[in-house]
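Structures follow.
There are two complexes below, and they share subunit A, which is joined by subunit B in the first and by subunit C in the second.
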Partner chain A sequence: MTKTHIAFMSFFLLIVSIAKSQTNVQSDFFSNNNRLKFANHLYNEKDYLRALGEYKEILKLVDNDTIRFRFANSFLKVGRYDEAAQNFKTLFVSSKLQEEAKFSYYQTLFFSGDYNDFRINYDGGFYLPQKYYKVIDRLNSATYFLQQANLPGESKLIKPFDDSVQTKLIYFSQMIKNPPKKNPVTAALLSAAIPGAGKFYSGEITDGLIALGATLLSGFLAVNNFQNNHQFRGWLFTGLTAFFYGGSIYGSAASAKIYNAKLKSDLNKEIKLYFEERNYFLPKIEL
Partner chain B sequence: MRSYIKYVFVGLLFFKSVLAQNSVDAQLDYANKIFESSKYFDAITEYKRVLFFSSDKKYYSKLYYQIALCYKAGAHLDEAIKYFVLSEKHASNDSLAFNAKIEIIRCNILRKSTARALQLCNELEDDIRFASKKDEIYYWRGWAFMFADDWENAAKCFSQSKDYNELIMLCGQVVKDKVSVTFAKVISYILPGAGQIYSGKIFSGLMSLVWSLAAGYLTVNAFMANRAFDGLLIAELVWLRFYRGNLENAEDFAVEKNMLAANKTLKYLENEYKGVKP
Partner chain C sequence: MKKLVYISFLWASFSFAQTDWQKWEAKDISYLLPAKNEQKLLTRNSSLVGTVLNSLKSVYSFTISNYDGDNCPFTPTCAVFFVESVERTNIAAGILMFADRFTRDMNFLKDTYRYSLHKNGKHFDPPSNYTLNSHQIIFEPEYND
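== the complex of A and B ==
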């Protein structure tokens, strides 16, 4: 081999290398392998919206269970529940991740807030993952606590949870079933008997005292003016007394309703916070 | 011959590394084009892609800066600040660090965290590396004060440079147009309606004065006629009602007038002002 041959070969190699590199200038970044690395990086950084776009492009060329799962899970994380559910469903048959996919499918139903749909699936035993059955069972109970309606028996409701949290859950259950509500009719009747008493009953002590004071004062002024033959002022204060008296009755009924609404709202917040702080008792799945 | 092959091999390696760098540059250009077409979401993705694949730290500051600009354009100011901080941290020279910090100040001005913006301005001012850039620091400090509705201090900051005459004039105009809320209330205590007239609401002020005088006359008249109960009733239900209303109106109208003056200037700055804005 002469020097010329070697020089020619080297030159040829160089040209091939340059040409190859130039065509790869951009395609390298967008090759499926690199795209996957980048998508996983975005996913781990919790930039799910961008990870979605990358996984979508990858799935056009490769169908892989883990990628599909992450793709679906990204939808779940960004709150696009319908698309998440559809993609998890594609992993239900003959996939090594079918148990995780089914579990995540139930999470999708749960976080979408459609608790009735969750229960239809759970009660019908549809797509129930054996491996995560206990977790789904807890989520099912959580739907009742969060919806605060149609609670099943207490033992059934708290059975899926650890002993350490059962006292609190029993308290929530009792508060939902028998909330210490105030009856608006009772409040109105109490105020009809003694102005402001209905407000005391609803916990509005200051309002109750003002209502009592205003009614008594205007009543006294009405009587006093009539006794002194001030007819106009007598009637004026009589009207005022009637106004305060009626207002006290109406206000007491209204305050009892407000008390009940606040009770429900506070309980709702407390339950939501309780489950949120514990991440709804969900296990962490790393895939 | 062996040495010849060695040279060829080294040459190949060199070209390959140059081309790898070219590929990062090309991708960066691609991301910049997306950024220039205002597709900020996609631009962030592409900048993050370069960031992920580039091992050359010289790109980091620029990339973080561009990502931050995209977030800022999308009004995600917290995220923008996070990336400007990273840009400053990886800045390879003082100029890049300064620009990143100025951007952090601008984001703080926009999200109205004035105290933080001013603190960062002070830090920059104390930094000897940026001694030649005092004018720019005064400029952004002035903007921070304007967004905090402190036009007097804003004018003081702008007056530290010769180039900001327009802004000094605008701040001066707002200061001139504004009224003192405390003064409006105090004169209303003394003469009902005076605070409202001072705030430019002449008719409302006169009405307050008339109502207060009439109610005051009725109250005094009732007491003079030994009708103490009537006097107390009129004083509480009529006179004090108008007197208190007069005080509340004096405060509300003064605040409203000040807000109008400030908003007029802010609107001008937003739509007409040609200089750099936060």
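== the complex of A and C ==
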């Protein structure tokens, strides 16, 4: 065996040893420490669903407030609100994160859409975080804007918000309380007086013009045919006039109803978008 | 080896050869689009009103719709709108709803912002919006497929 052979074999053994030692390190993927690193990576990448699985395994062996908070927050982020609320509650007592947990608990109630439950908790003063009281107060006001029902006094409603947004919120409040609705009966009566006038009232100008034109034209043809002793055509156009006239009255009432529904739907969308764009005036909490 | 080649050749020839006992000619192709909502036109109501509606629909289809083609700017079409209106309300309200729809159909200056666009490219205008019940009003179509 020459020196070259010995050198080659030694080098080969060295490579094998290094490779083997690396394998030993890599095989420890499921240690608690590595799992936590991976879970935190998933959490930071907003892959909350997979982070949940990893945090769940870690919490079987370790009890840590930050991990538990992130576990609960992952439930919140994926929309599993009941589980989020239950897990936030575990941090309410003797935890350094109890204020954040209480705040997130209220966020859970808010985003679940059960605004009545939110208000029961808020009005009862249950689990209210002192540190985030003003934020919860804003969320409470937001529930009234989003639900568009049973609004409290304007001053109470907009008090938690900054001056810069109060003008817009007063506008929303007034639109909810006194929307510029159209009365379907008025629309119908207007069309009964002048065909198509109810449509003008509901903002459907061209539809109103067509209704007026169709009724007048068929009415004129009915009269003209009767005057010229064309009885059949006279009655045919009389029927057609009644058809357009009746349709105009009914359609005007319907268009007023649609106008009101559209008004509500558009306001709802506008309010939702307004709060969404401002992330519901929530502070960013990094844990 | 030669025999195997011959057998393979013969097998391929017989298997994939074009037949000459069928006449070669151009195929009759129809470019008519199938009417998707033809069945929806017919009401399942077996009462007198249902029978009258089905009769009206048949006359309308035979005399107008089949020749006019798919030209109604709304979805559902006026004929379907009428049938659904009667089904949802009653014959009198259904006729009034149809009269209103017919007038709006004649409006060549349609306010397009008023109607949302259906995926078939037509104005979405369901009869539920005209029953005078605010809870039934919908502005966006729901697709099941």
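Everything below uses one rule, namely that the second predicted complex is superposed on the first by the 260 of 287 C-alpha atoms of A that agree within 3 Å, B and C clash if a C-alpha of one lies under 4 Å from a C-alpha of the other, contacts with A are read in each partner's own complex, and residues count from 1 in each chain.
Basically, contacts are C-beta pairs under 8 Å (C-beta built on N, C-alpha and C of every residue); 3 or more make two chains touch, one makes a residue touch a chain.
Everything numeric in this text was worked out from a predicted model, so none of it was measured.
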{"item": "Partner chain in contact with A:Leu42 - subunit B first, subunit C second, else both or neither", "value": "first"}
{"item": "First, second, both or neither for A:Gly246, with subunit B first and subunit C second", "value": "second"}
{"item": "Which superposed partner A:Val78 touches (first subunit B, second subunit C, both, neither)", "value": "neither"}
{"item": "Touching partner for A:Met175 - first (subunit B), second (subunit C), both, neither", "value": "neither"}
{"item": "Touching partner for A:Arg50 - first (subunit B), second (subunit C), both, neither", "value": "first"}
{"item": "Touching partner for A:Leu282 - first (subunit B), second (subunit C), both, neither", "value": "neither"}
{"item": "Subunit B versus subunit C as contact partner of A:Asn34, first or second or both or neither", "value": "first"}
{"item": "Common interface residues of subunit A - those touching subunit B in one complex and subunit C in the other", "value": "none"}
{"item": "Of all residues in subunit A, those that touch subunit B in their complex", "value": "3, 6-7, 10, 13-14, 17-18, 21-22, 24-26, 28-29, 34, 37-38, 41-42, 47, 50, 53-54"}
{"item": "Subunit B residues touching subunit A - in the complex, by the definition given at the top", "value": "1, 4-5, 8, 11-12, 15-16, 19-20, 22-23, 26-27, 30, 44-45, 48-50, 52-53"}
{"item": "Contact set on subunit A toward subunit C in their complex", "value": "184, 204-207, 210-211, 214, 243-244, 246-251, 253-254, 257-258, 260-262, 265"}
{"item": "Residue ranges of subunit C in contact with subunit A within the complex", "value": "93, 95-104, 106-107, 109-111, 114, 129-130, 132-134, 137, 139"}
